[in-house]
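Quick one: this structure, given as structure tokens, is what I'll be asking you about.
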């Protein structure tokens, strides 16, 4: 008996061919910015794994394994850190190769490897300082929120702290020449917390974001020490109405400067390269596109009374 | 020696019985809309898995496995696509059976199976076009954001693109008669990106959402080509104050029409079946419940100057 | 032949020592609130696992395994519940020990164990009632949203329901003396849905949150029955401008009371211990810091007409 | 700049084509016994999973989850059993379909489904008896081995028990018309323990195999009660030298009958349809191809003294 | 419409009840040796995991993670060892509790915990010596097998080494009062390699087993230094024909003593408390039940020439 | 309050130091054959994964995913093969580097990479022929065992086939200069089936091993076509008693030649470079150290009658 061939449920060859044609059109149409054969990009999964290890190495007793003791702490830290840094070298190499291909260059593989290694060495050297900075953020959250019961709870539960651990790592990568890795780290925090901080933003010690969903902080924002933000605050570029030509040049300082000890309440929007003077308080839902002197108290009411 | 029986830590039988009683009350009280015995619903986990495979098949070099090459691309695409489509047939069958049970019908299992297969065949045929549409979205993000360094980075990092890959798949499922699957896909994107697009929304080529957290786009919204949106923009139904009878009929066109090349800035709210004319710019936090002609520039100030 | 020792890629000993120094400084500087040796905190991963099991035990046919039947339902419920409760006892013990250490006390391990067990016993007893409450929420979402096709779809897809399953469990834990576990549960929902409900908030039956991203509900908020909320609604504390002394006492009732059948539209902000009277409607983006009587209809326009 | 296409590391298309040709030759050459399009076979992984669940359901306190209590035992047993039986129906269906295709038949899918369900129903009914049989095997191992400290240890550690749990399940499947599933179960035990018992072998209560590696028991072997075997014992077919025609008919009784309370020491080989009389003792490395009366004591020496 | 209740595919309640009855009979029939409520036994999975960690800690460069370096070795060793020892304390506690229950005793939980901890402390102290012993075994395999290309290959590939790593750990546990854990470790090796060494066997330095399948070494065997064994060698108890009363007392020395530098070829069987003198060679398939002086060369031929 | 430091449960630093000392002694004592810093060895886990993929690519319908169809077969084969070969290049590189380090050489990394790639290219080219060979083995098992019901069952269940799939791959790797990878593959089969075939053994078409546990086939054995073997057969080196100088030279032909259509029954041992003539039958437990002419029938009886 000859069995009939199984009937294909869909024209697989045909769909594969059409998808190939779509890819081919894309590649030929936009060769300059397009993708090229055989490339690898950094991996989101790999970076999430690295982040988990770095978090554990930075805060072994609170974000490391549950049954760690102080006498075994260093073994855990050393082993985990080493593992994270080795994995990071791989990801750094992928970003650096990607940049080279974008530029049409093809340096020796060993040169890229050396640069990746040096960059991760420099990154590793920033970790102790980064831990000390995050300690100030933890204390800021603990003292700033009357509901916080312990500093341990803050690290464990507060999305603002989760976002800052990500940001301070992302910013360090960004400054050392790995902006794409920084961006992937930032988006991991964005997805988990709803807080969107560009890895380029400079943020001082003792920073606290409460609730946090919907917060957006732009690439060239500069934030001083002991600043506090609530949910849905935007520190953005004033691209409208004055900046409507559409040819905005990258790299230009275009986001706000927020000086020390400023508080900005939920829903406030601050746009453009303006300066919020030291100790100012910006009320909820305020829309602000100009600088204010130190010690200002700005509310919707105060703004509307001017018109 | 006779060991004493271990003491139960909680009255398990009692709690199980009370939970059974609660289920029983629910089932008898609301028989019409309620659940019935032995049913299966589509699975969120299964759909997340299908989405990952479809993403890889659509963008093999960027969302597929890291070490793919162009000469092995088609094998990966064909194998992955086939796997995703087979899994989708199962999920489609579950939705179609669910609908039948809601209607009190009980058609032959083979009829449901055939319909599920035909629907997935139709879905498969839309994939090449869907990839071409997403290419326009990728280019829109790349050219629209001065910070974007490469089209690869856009696909890898931008939550707006993640949301659009989900939406264009969800919309295809929605149009082919699988709205529940579409909804599950949409909520997967909502959870990951904070962007909430109803699978019914019609969105033209070259769409770009920046930052994105808090964006809500309703079921009957119609969006033209090359439109740009920022975080916290709502394109909703004007159910208040004019629509307060509470008996809103499903299916009625009740969300905005946004014509080509419109830009809507962060926090703006557009409600009801109004039309935003081609090329208009809607400023941040604007609250708009009426149509505006092509080329309009609407800001909070311009609105308040009218009062 | 003697091989050269492999060259270390980074000064691992040095970085480990510096991180140790940073931890040591932190611990000595802030001994009172700081961390102490050998402690364990509750685990986010463990609680996510417990939540998945509790959700299945509460809604076996919709959130349990796909192929459950009514005749095997009780076996699944009993087995899953028992497993979840046992795991919860461990987490409760960790929170209770943590509190003891915060207070500088060191009670017998068995006393903590007994308390943890009793607390989980009490929690287990609340589950049937909790299921009945969630049934009212499911019905509220089904009847309140014309797009909802079935109650099954509501449980499967609506982020508002996901947030409420989490909240009603978190609130039960909070009331029984496990506020840290409650907080971890609440943050799991916050991360997944963008909806941030403090575990202390009291919420009546038939509650419905549509879309939900950006919703914030504070610790002492009291919400009546059949209330409906949209995305980006804040029920917060009025800490600005009247409450600027910075020494806000914990536990004080400081968030709104929302009476039965109130509707609050997207982006509205209600701050302080004010009362929204029964059946009121608060419009989109409204900023409200005073009480309103039953049946009020508040819009931006109505507020501005007063100035 | 146009990037060169990545060079393929191997001629993938060519190798795929050659493998296709090899498959095609195989299929055309041996159509009768060969494979046909679109078939599915039972899965070893699925059966290993089913075996783990059945083992837990049969011995909940010893092979089930570590923290089970007697008051929650039935929930675990019911839930696990139901899950295992449902999975077994799927595998049974695959075997039955496979047999139909071998026979060139194509019955209605529903007929196969019904038969699979009935077979698993019958299998389920044998489980309580099977547990009682295995209890006798456990006691036999405990009393037969002076080194055994507790019956729990026997179940946990003894490869002989592991092999018997598999065999008694495999034999039940074999008798109910699922010999392929039985074979897969038997091979799982063979791989784990080195004990190779054909699922067709009939084995009485209180059977004990010590050490076990290299034991082979053939399809038509019949073993009485309280029999004991050591490593490397073969109960095989006497195919040499008397049975050298090569056309051995399947199903013929061709393996030994071992009566009650026989002991067979390591390395002994018994071949053909011979009978080892009740209470006999067969010494190590003995080679036996004829029947022996009850109470015999056979050693290498006793055999050689005959020549 | 009222849907019919789904028909149960099998009488689940009935089967569960019958299995309960079987358990109940077992428990009442054999109370002395039987199982009692709420007990936990050590876990095979947990021990396999501990073994993997211990293997890595003992041989970090060869059985640890692939990319370890000498400068990060100690961090890995310390972290992995600590993790393995902590897990081992749990398993030790379970064995000690189990023994207490067998004896009908119920000591304070803390006493068991202290004993478990002390035992694991003693075990930890044996690890450096154990590594040095295994180094001699590795060298023995390397020099003894002309096919071995490097000592690394020996550790990676030779089942004999795998069995010895397990045995030396199992023997250490056995001597420290954890025979059940030792047995589980031994059976893990038995299943993986087919080599069955009782944890009580005493084995000197430089031991080598080639091929190994079917090797059995009994509890009271004593093996000197630099001994070599091949597959299917048994060092067993001479329970037949001289020892047929069936009341063999546990603990009696009943297995062979094998002096230094003995070689025993494949299939040889040595039974009883006999002594194989230093430097003897025992040929393949030899059956030996009496002592032989140092320097003996025993073959099948030499044995038969005696009769 | 100052909390006491947690008491370390074991002297971790001390044990780590002692283990370091043991490693240091090992490395200095045996520098020539010993391990050196920073090396990587091939990974057993990686090879098991590669084997699973190669098995699927060779037999897509029987060892590939359950729901494959003929029209999607090539996509699966191409994708899986490519993935397996890429992973194999990595493992080949590790073996080649290892050999270089053993020789004290340090060639350019790129030279090793090129050699690894070329070797895997050559290996890939052998796969279609290897599939055709395995088809003959499958048929041999099917026709040789009256109990076999279908060729599919043979591939799924027979340990002999599992061992041969491994061996034919291992032998191909061995011949191409990757003997360590070959050995790892062989040991994977040994552990799973108890069949120990050295990767160097040459085995003709249509080979069948029944039951298999305890089979050992040496490095220089040469086996003709259509040969059949049973459990516990050894084809070994005659190192005793004639070969007792201990300095056996590697590579010398020292294992049997078995000509076409020979059958060797269970437990037979053939040692040394002897030839078993075409069509001979070797009985169970026979011990043979000299050549026999074609057509011989050798039994224990026939051997003993000679003395």
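The chains carry the letters A, B, C, D, E and F, assigned in the order they are written, with residues numbered from 1 in each.
Assume a residue touches a chain if its C-beta (ideal position, glycine included) is under 8 Å from a C-beta of that chain, and two chains touch if they have at least 3 such contacts.
None of these values were measured; they are calculated from a predicted model.
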Quickly list, by label, the chains bordering both chain A and chain D.
-> B, C, E, F
Of all chains, the one whose CA centroid lies most distant from that of chain B is E
Selected from A-F, A-B or B-D, interface repeating D-F by over half of its contact pairs | A-B
Specify the angle of rotation obtained when superposing chain A on chain B by their C-alpha atoms, rounded to a multiple of 5 degrees.
-> 120
Which of C-E and A-C has more C-beta pairs touching across its chains | A-C
Just curious, how far off is chain E from chain A if you go by their C-alpha centres, in Å?
-> 52
Just curious, how far off is chain E from chain D if you go by their C-alpha centres, in Å?
-> 25
Of all residues in chain D, which are in touch with two or more distinct other chains?
-> 5-6, 9, 12-13, 16, 37-38, 67, 69-70, 72, 74-75, 77-78, 82, 86, 194, 213-214, 232, 267, 285
Chain E residues touching chain A - in the complex, by the definition given at the top | 65, 67, 69, 72, 74-80, 82-83, 86
Touching chain D in the complex: which residues of chain B?
-> 5-6, 8-9, 12-13, 16, 69-72, 75
Over in the complex, which chain F residues touch chain D? Could you list them?
-> 57-58, 60-62, 66-67, 69-70, 73-74, 77-78, 81-82, 85-86, 89, 117, 120-121, 124-125, 127-128, 131-132, 135, 139, 142, 146-147, 149-153, 156-159, 192-194, 211, 213-214, 231-232, 263, 265-267, 281, 283-285, 297, 299-300, 304
List of chain A residues in touch with chain B within their complex = 9-10, 12-13, 15-16, 18-23, 25-26, 30, 33-35, 37-44, 98-99, 102, 179-180, 183-184, 187, 190-191, 194, 196, 198, 213-214, 216, 219, 232, 234, 236, 240-241, 244, 248-250, 267, 269, 271, 285, 287, 307
